[in-house]
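Two complexes come next, and they have one chain in common, chain A, joined by chain B in the first and chain C in the second.
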Partner chain A sequence: MTLYYKLGDFKEFLISLMKNNIVDAVVVPMRGLTENSFSPFLIKDIELLKNCEPQSPIMSINSARALSQLTAKGAIPFKVAAVMKPCEVIAFRELIKLNQVNPENIITISFDCNGVNSLKDINSKREICEICTGFTPDNADIKIFSIGIESPVIATDIELSSLNLEQVEYNKESRENFIKEKLDENIKKRENKLLEIKSNFQNLLKNCIVCKNCMRVCPICFCQECFFDSPALSGNSVTYTLRANRMSGLSFPENKLLFHLGRMNHMSVSCVGCGACEDACPAEIPVSQMFASAGDELKKLFNYQPGRDIAEKIPFTCYEHDELHSFEQPYLEKR
Partner chain B sequence: MQEALNNLLEKSFSNGSIDGALIMSEIDSGYSYVYYTNFEQIHNISPFQPVMKINGAKVHSAITRENDNRTKILFLMKPCEIRASVELKKLNQVDLDNSILLSYTCPGVLEFKEGNSFNDSEKFIENFINGNLYDNIREVCKSCINFSGEGADITINLFDKSFVALTAKGEEFLKSANIDYKTSFEPDDNYEKIKKIRETNRENLLKEYKNFFKSDDKIVEYFDKCIGCHACSHSCPICYCRQCYFESDTFKYYPDSIKRKVDYKNALRLPLDRVMFHIGRVTHMATSCVGCGMCEDVCPVNIKVSQFFKYMGTNIQNTFNYIPGINREEPLPLLTFKENEFQEIED
Partner chain C sequence: MESWEPKIVYIMCSWCGSGGAETASAFNLKYPENIKPFRIWCTGGLDPAYILRAFLEGADGIIISGCHPGDCHYDVGNYYARRRFAALKTILKNFGFDENRIWLRWVGHSEGKRLVDTAEEFNEHIKKLGPHKISQ
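Let's look at the complex of A and B:
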C-alpha cells in the first residue's frame, strides 16, 4: 500500500535513511572540485552525504550506467538508495530487462524533474528535457512529488515507519491537473520539434565524425563489442579498393549513416530520452532528438513504454507470428 | 601547388605506381578523406583543408592493416598523421611497404566543426606562407614544431612550392612520375619564423603545466569534469587496442571489492576509475603521442586533454630521447629493454 509522508528536506531524508539503517549507502550526485562539476557518488559516510546535491542540475553520466558498472559482477553487498532522475530510473529498469544491472539491494528514489543543463553550457537546459514527457518519478521505489502541490511529499510502498515521518494527504487533483497541463504542452512542443528534426535528418549529421561517443554514453547501448566496431564492417586493402571502385571514391570516416540508422534500429525502442548522447557529441548534433523522433513512433507501434513494467518484454526480444503485416512487402507475389 | 599534385596523381595512376590514393576532398557534408582508386574519380580535392575529423593514420590502418601486398596506395596526410602512421607501423597496425606517404608543411588545423565548413583555405595557406600563425587553430598545433612532414616519403614544401623526396622510395616515386623535386627540405625565413613562434609556445606550455602539476592531486583537479566516456582514447590514432584495458573485465569489480573500496574511501565517484584511466593511458601511449589534438577536439567537457598529453609526452619522449614518427627504424621505447637505465629513479 502506498503511503504519503511529508518531505522536510531531501538531504535530511537521505541521511535519515542511512541513520535508521534502511540503507547502508546512497548513490547521489555531489559536486566535484571545480565549478559546475557534478557526478554521482556512492557515499557511505553520513558526514559526506551532507554535501550531496540530490537534484543536481547536471547529468554527467546516466546513473543507470554507473549502477551497471557497480553491479557488473554481482549485486552490491549492502543496501543502497539510488537517487536518480526519472529517465535514469527508466534506463535502470531497461537494463534490468537486458541483464545489465543487478537490482538486488538497490532502492530507487526519484522526483519531479525539471530537466538538466547542458554539460557544455551550464546556462542552457538540454533540449530533450524541454520536450520531455516522462518528468514524473512514476517508476521509482520512493517517489518525491513536488509539482502542483504546496509542499513536497514522499510516496512509497516501502516500509519507512522507523523514520517517524509525518503522514500527510496531498491535493491529488491539483497535482494531476498540473502534470496534465505540462504534459500537453510538452507533447505539443515535442511533436513540432521532432517533425522538424525528421525532415532535416541527413543534414543534421553533416558534422558527424563517427566517433561513436553517443553510443558510448548511452545507458541502453551496453554491448561490450558494438556491431558497428566489429570486423563485420571492417575490410582490407582489397575490399576497400573494390568498394571505392564501386562507389567512385569512399569517404572517411566511414559508415556514418549506417551507424546511426543501425544504432537507432537496435535501441531506440528502449531510448529513455536522457540526452546523454547529445551532450557528449563533440559535433553538437541533436542526437537524442533524432533518436526520439524514431523512438516515439516505434514505441507507439509496439505499444511499449520503456521502464513501465519490468515484466514487459522489450519488443525485439519477443516474436509474434501475427504482427506488423502492414509493413511486409509482398515481393514474392510480385515476382 | 594543387596542379602539380594533380599531375603527380595522374601520372602515378597511369604508370601503375599506385592503385589508390587517400586525399582530403570536398564532399556533400563538408571536407573528408576520400579513398580514390583511379584518376577519373578524383575531383574536388582540397588537400590542404585545415580540418581533421579523424586522424588519417586511423584510416591508413583500416585500409592497410590487412593487405594483399599488391595494392599500392598513396596517403596524402598532415605531418602528425604521418607520424602516427609511422608509430602504428611499429605497432604492426599499418602496412608501409605498399604505402607512399605524402605530406606537406602544415599550418595547423581548426577545430573540426569549424574546419568542416571553412571555405577560405587558400587565404589560410597564404597567411601561413607569409609567416603568420592563425589564431583559431588547435592549441596543440600552435606549439607543434614537427610540421614539415618529416617521417613521410615525400613532403610538399608550400613555402617554396616544391616536392621534397625524403626517402629513396619517395625519390623513385617522383622520378617515375617525371616530377621535379628536391632532395632535402630547404627551410626559408617564414618557415623558421613560424617554427620559432611555435617553439616559444611549446616552452610556455611546458612551463605552465610544470607549474600546475606541482602536486600529485592536481591531476584529479585537471580531469575533474571527466565523464569517463573514453572519447579521447577512441579518437586517438595511437590507442589502437580493439579492447582497451580500461574497458576490460579487470575494471569490472566483484561485489567484495566494491565494498572494500567504499569502506576504505567512504565515497566513490562514478563512473569508477575516471582519473586512473587517464594516468593509465598516458603511460601506455605518451611515448608515441604525436600531438594531433583529436582527443581534445572530441572531449565533450572541454578538458584540455591533448595539452596534457603534449606536456607528459614531451617529457617522457625527452627522457627516452625519442621523437615519435620520424625515424621508422627506431624501436619503441616501451618495447626496448635496457638493463642499465633509469637506475636513478629506482627505489
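Let's look at the complex of A and C:
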C-alpha cells in the first residue's frame, strides 16, 4: 500500500535512510571539482552525504550506466539507494530487461524533474528536456512529488516507519491538473520540434564526424562489441573505390547515415530521452531529438513505453503471430 | 538512361527463400539477371543494419524472402524479422527515405513460381521508380 509522508529536506531524508540502516550506501549526484560539475557518486559515509546535490541541475552521465557498471560482476550484497531523475529510472528499468544491471538490493528514489542544463551552456536547459513527456517519477520505488502541491511529499510502498516521518495527505487533484497542463504543453512543443527535425534530417547530419560519442554515452547502447566499430565496415583502397563508383562518390567520414539509422533501428524503441547523446556531440547535432522522432514512431507502432512495466518485453525480443501484415508485400499470382 | 539496369539485392533465407530458388531452377523458371541473390541463415538473423547498408551503398532495391510465418525452420525467426523489418520501414519513412524500395514477401520452399514472380514484379517496380539517389 502506498503511504504518503511529509518531506522536510531531501538531503536529511537520505541521511536518515542511512542512519536507520534502511540503506547502506547511496548513489547520488554530487558536486565535483568545480562549481558546475556534477556526477553520480557512490557514498557510504554519512558525513560526505551532507554535501550531495540530489536534484543537481546537471546530468553528466545517465546514472543507470553507473549502476550497470556497479553490478557488472554480480548483485550488490547490501542495500543501495539510487537518487535518479525520472529518465534515469526508465533507463535503469530498460537495462534490467536487457540483463545489463542487477536490480537486487537497489532502491530507486526519484522526483518531479524540471529538466537539466546543457553541459555546453550551463545556463540553458537541454533541448530535449523542454519537450520531455516523462518528467514524473512514475517508476521509482520512492517517489518525491513537488509540482502542483504546496510542500513536497514522499510516496512509497517501502516500509519507512522507523524514520518517524509524518504521514500527510496531499492535493492529488491539483497535482494531476498541473501535470496534465505541462504534459499537454510539452507534447505540443514536441510535435512541432520533431517535425522540424525529421524534415531536416539529412541536413542536420551533414557535420557528423562519426566520433560515436553519442553511442558511448547512451545508457541503452550496451554491446561490448559494436557492429559499427567492427572490421566488417572497413576495406582497402580497391573496395573503397568500388563503393565510390557504386554510390556516386564516397564521402569521408563514411557510414554517417548507416551509423545513425542503424543505431536508431537497434535501440530507439527504448530511447529514454535523457539527452546525453546530444550533450556529448561535438558537432552540435540534435541527436537525441532525432532519436526521439524515430522512437516515438516505433513506440506507437509497437504500443510500447520504455520503463512502464518491467514484465513488458522490449518489442524486438517478442512477437505476435498475427500482426504487422501491412508491412508484408501482398502477392497476386499471375496466371 | 535506356541501358540502366537496377541493382537489386534479393535477401533470402537458406531454407525457404533459397529453397524457392531451387524449385524455380528445377522448373527452369528464370528471374532477371540484375537481381543478386544473397543467402542468409534465417531472416531472424538479419540485422536491419545489413539491409540499411545495402540501401545506403547504392542498391536500387532490396527484397527479403523467408519462410511463411509459422513455417520457420527455427520455429519463430521470421516473426522477429517481421518486427525488425516493420521498425526499419517506419524509421526510413519517418526521415523521408524511399521506403518502397524495400520489400518483404514470404516465399515457401516449394513456391518457385512465386519467387520468380516476385523478382520480376520487384524489378519492374524499381525500374518505374528509377535510380536510387542518396546524398551522403
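Before moving on, here are some points about what is shown:
Criterion: the second predicted complex is superposed on the first by the 323 of 335 C-alpha atoms of A that agree within 3 Å, B and C clash if a C-alpha of one lies under 4 Å from a C-alpha of the other, contacts with A are read in each partner's own complex, and residues count from 1 in each chain.
Definition applied: contacts are C-beta pairs under 8 Å (C-beta built on N, C-alpha and C of every residue); 3 or more make two chains touch, one makes a residue touch a chain.
These numbers were taken from a predicted model, which means no experiment stands behind them.
In the superposition on chain A, contact of A:240 is made with chain B only, not with chain C. Shared-chain residue A:327: touches chain C; no touch with chain B.
Looking at the shared chain after the overlay, A:282 reaches chain B, while chain C stays out of its contact range. Once the two complexes are overlaid on the shared chain, A:249 sits against chain B and chain C alike. By the touch criterion defined above, A:216 reaches chain B but does not reach chain C. Comparing chain B with chain C, more residues of chain A are touched by B. Common to the chain B-facing and chain C-facing surfaces of chain A are residues 248-251, 256.
Residue ranges on chain A touching chain B, taken from their complex, read 25, 27, 30, 32-34, 37, 39-45, 48, 60-61, 63, 65-66, 69-78, 119-120, 205-213, 216-217, 224-225, 229, 234-238, 240-241, 244-245, 248-254, 256, 279-284. Interface residues of chain B, counted against chain A in their complex, comprise 19-20, 22, 25, 27, 29-30, 32-38, 41-42, 53-54, 59, 62-68, 71, 73, 95, 98, 112-113, 116-117, 220-221, 224-225, 227-231, 234-235, 242-243, 247, 252-256, 258-259, 262-263, 266-272, 297-302.
The part of chain C that touches chain A in the complex is made up of residues 7, 47-49, 52-53, 56-58, 69-70, 76, 79-80, 82-92, 94-96, 103-106, 113-114, 117-118, 133-136. Here chain A touches chain C in the complex through residues 198-199, 201-202, 227-228, 243, 246-251, 256-258, 261-262, 264-266, 268-269, 293-294, 297-298, 301-302, 315-316, 319-321, 323-324, 327-329, 331, 333-334, going by the rule given at the top.
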